[in-house]
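In the two complexes that follow, subunit A is the common piece, with subunit B as its partner first and subunit C second.
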Partner chain A sequence: MGQTIIQNLINGSMMGAIYALIALGLSIVYGVMNVVNFAHGDFVMLSMYFTFWAGTLLVWDAVATPLLTVPLLFIIGVLTYYFLIERTLRQLYVTQIAVTVGLQTLLRALTQVVWKAQPRALQYSIIQGSVEIGGYNIMFSRLISAGVSLIIIVAIYLFLSKTWMGRAIRAASDDLDAASLVGVDYRRTYAFSLGLGSALTAIAGGLLMTFQQVDPTMGVRFALLSWCVLALAGLGSIPGLLISGLIVGSAESLSVSLWDPRARSLVIYMIFILVLWLRPRGLFGRK
Partner chain B sequence: MKRTRIPTRTALLLGGLLIALLVPLALKSSQYNLVLATTVLLFAAIATAWNIIGGMGGQLDLAAGAYLGLGAFTTGTLLIRWNITPWVGMLVGGLVATGFAVLVGWPLFRFGVKEVWYALSSSALVEVLRVIFLMWDQVGGPVERYLPYYAFSLYHLRFNSYIPFYYLMLVLLLITLGINHRIRHSRLGYSLLALGENEDAAEVLGVNAQACKLQALMLYAFLVGAMGGVYACMYGFIHPNFFSGTMSTEVAILGIVGGMGITYGPLLAAFLLVSIRELLRANLGGGLEGLYLVIYASVLIVIALYRPRGLATLLQDLFRQVQTRLAQRKEAGHGAVTDA
Partner chain C sequence: MRSKASKLLLAVVIFTLVALSACGGGGTQKSALPDKIVVGCLEPLTGAHAIFGTEAKIGMELAVKHINEAGGIQSLGGLKLELVSEDAGETADTARLGAESIISKHKPVAILGLYISRLTVAASEVTEREKVILIADALVDSVTGMGRQYLFRPAPKASQHGASAVEFAVEAAKQAGMEMKTVAILNEDSSFGRSNATGAMDAALNNQLTIVYQKEYPYDIADVSPIINDITKAKPDFVVHCPYFTDAILFANTFKESGNIPKFIVGMGASGYTDPESIKALGAAAEYYANTYSYNPAKDTPQNKKFVEEFKAQTGHIPTEAAGMNYYAMWVLAEALEQSGKQFPNDPLNPDNLRAAFLQLDLTSGPAVETYPTNHIQFTPTGDNPYARATILQVIKGEPKVVWPFDEAEVPVVFPRPDANY
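On to the complex of A and B.
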């Protein structure tokens, strides 16, 4: 029993690092623009399909596909800003939700048209196999994915705190008017933020495809999952996001193996609802 | 001005009602079109009920599927297990949905969960209920539970035709519209509209936000729960997938795209969008799977971008234009009317 729990905590934490990466993208978009992107999870799904495409058509390994999908998703994010989001900035937030739900439906339908409804997976990746440490089984693909996610999260943290663009993004999220006064161009900043947030899903998508399959319903799952991680962490804390990701990943893994595979989403959503009731600012939030 | 306006409106309403009553006669030959018309009415009714909490109160509720599913499961289970008529089941289903709404709405409003977080938590509730009913083998489970079959039984609310269900949905829609209209011009309605515009300002002016939102949520839940009862009888089975997140979101989108807080907005949106979607599905469905949704989603985005205040405002503008045009003609004298 104890062994099972620890094994699940290991698996869940590795998954949780990827969840934190996805939620980081969401938190940049929501934190900076205050724009509610319901299609964020579908960007993850789209990235996974692009990875599948690169893997089957170009015979790239899933590990290498972010070279292609990151720029692609960045562009999609920027275009989404200029064509869809910018017009809704001055509208009620429900209009933003209507537009991004429309985008969500559109993306899901497009994937159905292009890739059909059945699940797709890549057959082979160079990171395969597993290692046994002290009686616990650790899959290389998950371990490396978690490691890469961690590195990217740290890199984004450094980017946001050390570079001019990163500081502009944070300034815009604190006080847009003041940021404009010191020369921050909000259109460029917003477009870049949405591009960056979407590009992060491309990395996550590539990593996920090393050990998972993709189907059109995946988007909804990742959307609520990343909102759950974000709610648990609260806005503005990157280390908080990581811890929340680990909590959510572990809770998911434990509920699947100790209770019932069907209970997976139940446990995550219950955590989500309880957090909103009891700690609306999240565990680590600053605003 | 006022004297001409009221008759026009009444005429429009009566005209619409007459058309609605005659639709089944026109579609009698085609079972498919009848299903489509009933589906449009169903979505219109749910979205109109949503207007109470969402449109007027500004609370973006994404849990319509939860209330619909609870109503359907209550009605279905009462009928299957104890042979209790769905007429009673509908009311009990509505009450169960209301009870659930209080259970989750009270803490949500008490702790001030707002806007996107309210939307997401209500959306999570639908999935929570779906999984619970999937795992709860005594009532739900992964296999459909069929309602007893009758070719025509008023007691069991089972018919082998969609026509009775069409009229039943129409009645539910009219009731919901009536309730909407009553609320719109009541103290609760004004409070809700104020909340929808600006919650903090409304509270300063003495609106009890918590109580108003909870009342609106309860009314909405009861109506959708009762519709769930009809839903179960219409499809002839109950299944945990009735707790559908997609449907819940769509209901809210119809409410938004129709025009927040405008009584006939959701009706208009459902009428246009759901028929577009279903017609596209019927005509394109065979070829490319999902193509109809691509078109549907694009239409949705375009409306949301270019008519952010809702489709109903389009109609309002048109109405106003016609009125001013008529008024101008009257001023110009009778000669102008004849050349029209």
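On to the complex of A and C.
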């Protein structure tokens, strides 16, 4: 039993790091613009399809595809801001929700038209195989994906705390009026934030495609997972996001193995509800 | 007073005449035949299940083409079939609406579809009410267990798939001089997966196998590594698995990456591991996987060769299970129409007569049998074929090949898996 628990904690933590990376993109957009982007999970799905294209048409390995998909998703994010999100900023919340849910439906329908309903997977990645350490099986694809996610999360943390643009994003997140007074261009900052949040999904998409397949319906799964990680962490704490990702990933893995695979969502959303009930600002959120 | 009585008399006479004309003169008059026989294709053509519905439709179209080329329905003066289609969508409501729509617009004599069991159950409420024959390609056992009068299913039901998967593995092991003692049974948690697993469990117990691991999971599961790790710990001789589609890819990739492979892995139902799309998505990881199939693409008969050839020319791959099932289902319908034409020449398209014709069928030759997994088609009053059985395909050098039943095998089975390590 002990070995099973540790094995699941290893598996779950590795998946959790990727969930934290996806949730980081969502957190930046929500934190800065106060916009609930329901299409965030579908950006991950779109990134996975772009990864599939790059892998099959250009014969790139999935791990290399972010070189192409990161700028692409950044541009898509920026365009989404200027053409869609900006128009909803002064509207009611319900309008913003309708617009991002509409975008989600549009992306899902679009991928069905372009890539059809069947799942797509890349046949090969250089990071395949596994290693047995002390009786525990560690798969390279998960291990390297978790490592890369961790590096990107640290890089974003440094970017937000050390660069002018990063500080502008945080300032806009804290107090938009004060930030505007000191010369922060909110339009540029908002567009950049959505671009950055989308670009992070491109990295996650590339990593996920080293061991998963993509289908048009999987965006919702990532959207809900990343919302759960974000709610657990609260806004404004990147280390909190990482820890929350690890908690969600481990809870998912343990519930699949020790209880019932169908209980996975139940366990995750029970955590979600409990956090919202007991600590609405999250475990690590700012006051 | 007198005028009131004559008005009443006139009304009685008119009513009697109308009633008599509605009765068709006591049923002795021959009902006029239409100039073509409309058949409905009601499949999920959009949404998550569109992959199956689209293939099913191609199978139906080819069958209609071949039936018409062969002269149509002889007993009905060579009447040709015409296929009309409607999208069944993804939900019970869309399936019900699809059935309403196709019946009201086209008045088909029969509908083929809807691949997904819950859609089939929903649409069958409408087809029963409207008395339209529904030839189902959904495999969940309970589809034919609801007392529907106008529903038939030529294909092997899910529990027959589960049993075939276990029996195949036991026989293949015997042939290889091995003995299978333990099995792990996995299934996605729909009623389809559960029907398959029930058949597999019964067959495992009948074959004195010990079930060392059993798990149900949701088909949209994101990470299956916990399950693979648990299977590795349980160390079964072989794994019987009912995946849906995307999960088959996930399991095969994760098994490969974990490096812990049992002696054999056989899929049951829905052709998850041997479907051309799965093989394309998995590449080398698909090798040696086997799966039950409701259709035998290697059946060495003229009709089957013709179907496979034309299907391949159109799509670039061999007929999928959905296409195969609907190809022979359309031929079964053609045989039932022939039978109805002979048995009920005055009203062959009447749904009750057509139903009686279905129940009279006892086919051991002809195009339907030539494309059917066994050589016998007959229907019980519940609508199933008691002689149905699944075939087994195995991916060998990237191609799905029929390996069981052994006497109909295209190539010898590769058993155990060369990459097995426990």
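The rule is short, and it goes like this: the second predicted complex is superposed on the first by the 286 of 287 C-alpha atoms of A that agree within 3 Å, B and C clash if a C-alpha of one lies under 4 Å from a C-alpha of the other, contacts with A are read in each partner's own complex, and residues count from 1 in each chain.
Criterion: a contact is a pair of C-beta atoms (placed from the backbone, for glycine too) under 8 Å apart; a residue touches a chain by one contact, two chains touch by 3 or more.
Just so we're clear, the structure is a prediction, and the values are computed from it rather than from any experiment.
Once chain A of one complex is fitted onto chain A of the other, the partner contacts of A:T163 are absent, as it touches neither subunit B nor subunit C.
When both complexes are overlaid on chain A, the residue A:M218 reaches subunit C alone and has no touch with subunit B. Once chain A of one complex is fitted onto chain A of the other, the partner contacts of A:M139 are limited to subunit C, with no touch recorded for subunit B. In the superposed model, A:S253 lies in contact with subunit C only, and not with subunit B. When the two structures are aligned on the shared chain, A:V99 is found in touch with subunit B, with no touch to subunit C.
Within the superposed three-chain model, A:R87 lies in touch with subunit B and out of touch with subunit C [touch as defined at top].
Applying the stated contact rule after C-alpha superposition, one finds that A:F272 touches subunit B and leaves subunit C untouched. Of the two partner chains placed by superposition, subunit B and subunit C are both touched by A:R262. In the superposition on chain A, contact of A:T4 is made with subunit C only, not with subunit B. Across the superposed pair, subunit B and subunit C both touch subunit A at residues 112, 116-117, 260, 262, 265. By the touch criterion stated above, subunit C contacts subunit A in their complex at residues 46-51, 189, 215-218, 220-227, 229-230, 232-233, 245-246, 249-250, 253-254, 256-260, 277, 281-285.
Residue ranges of subunit B in contact with subunit A, taken from their complex: 58, 60, 104, 107-108, 111-113, 115-117, 119-121, 123-125, 127-128, 131-132, 134-135, 245-246, 249, 252-253, 256-257, 260, 288-294, 296-298, 300-301, 304-305, 308.
Across the complex, subunit A meets subunit C through its residues 4, 7-8, 11, 15, 112, 116-121, 123-124, 128-130, 137, 139-142, 211-213, 215-218, 221, 225, 252-254, 256-257, 260-262, 264-265. Of all the residues in subunit A, the ones that touch subunit B in their complex are 36, 84, 87-88, 91-95, 97-99, 101-103, 105-106, 108-113, 116-117, 220, 224, 227-228, 231, 260, 262-263, 265-266, 269-270, 272-273, 276-278, 280.
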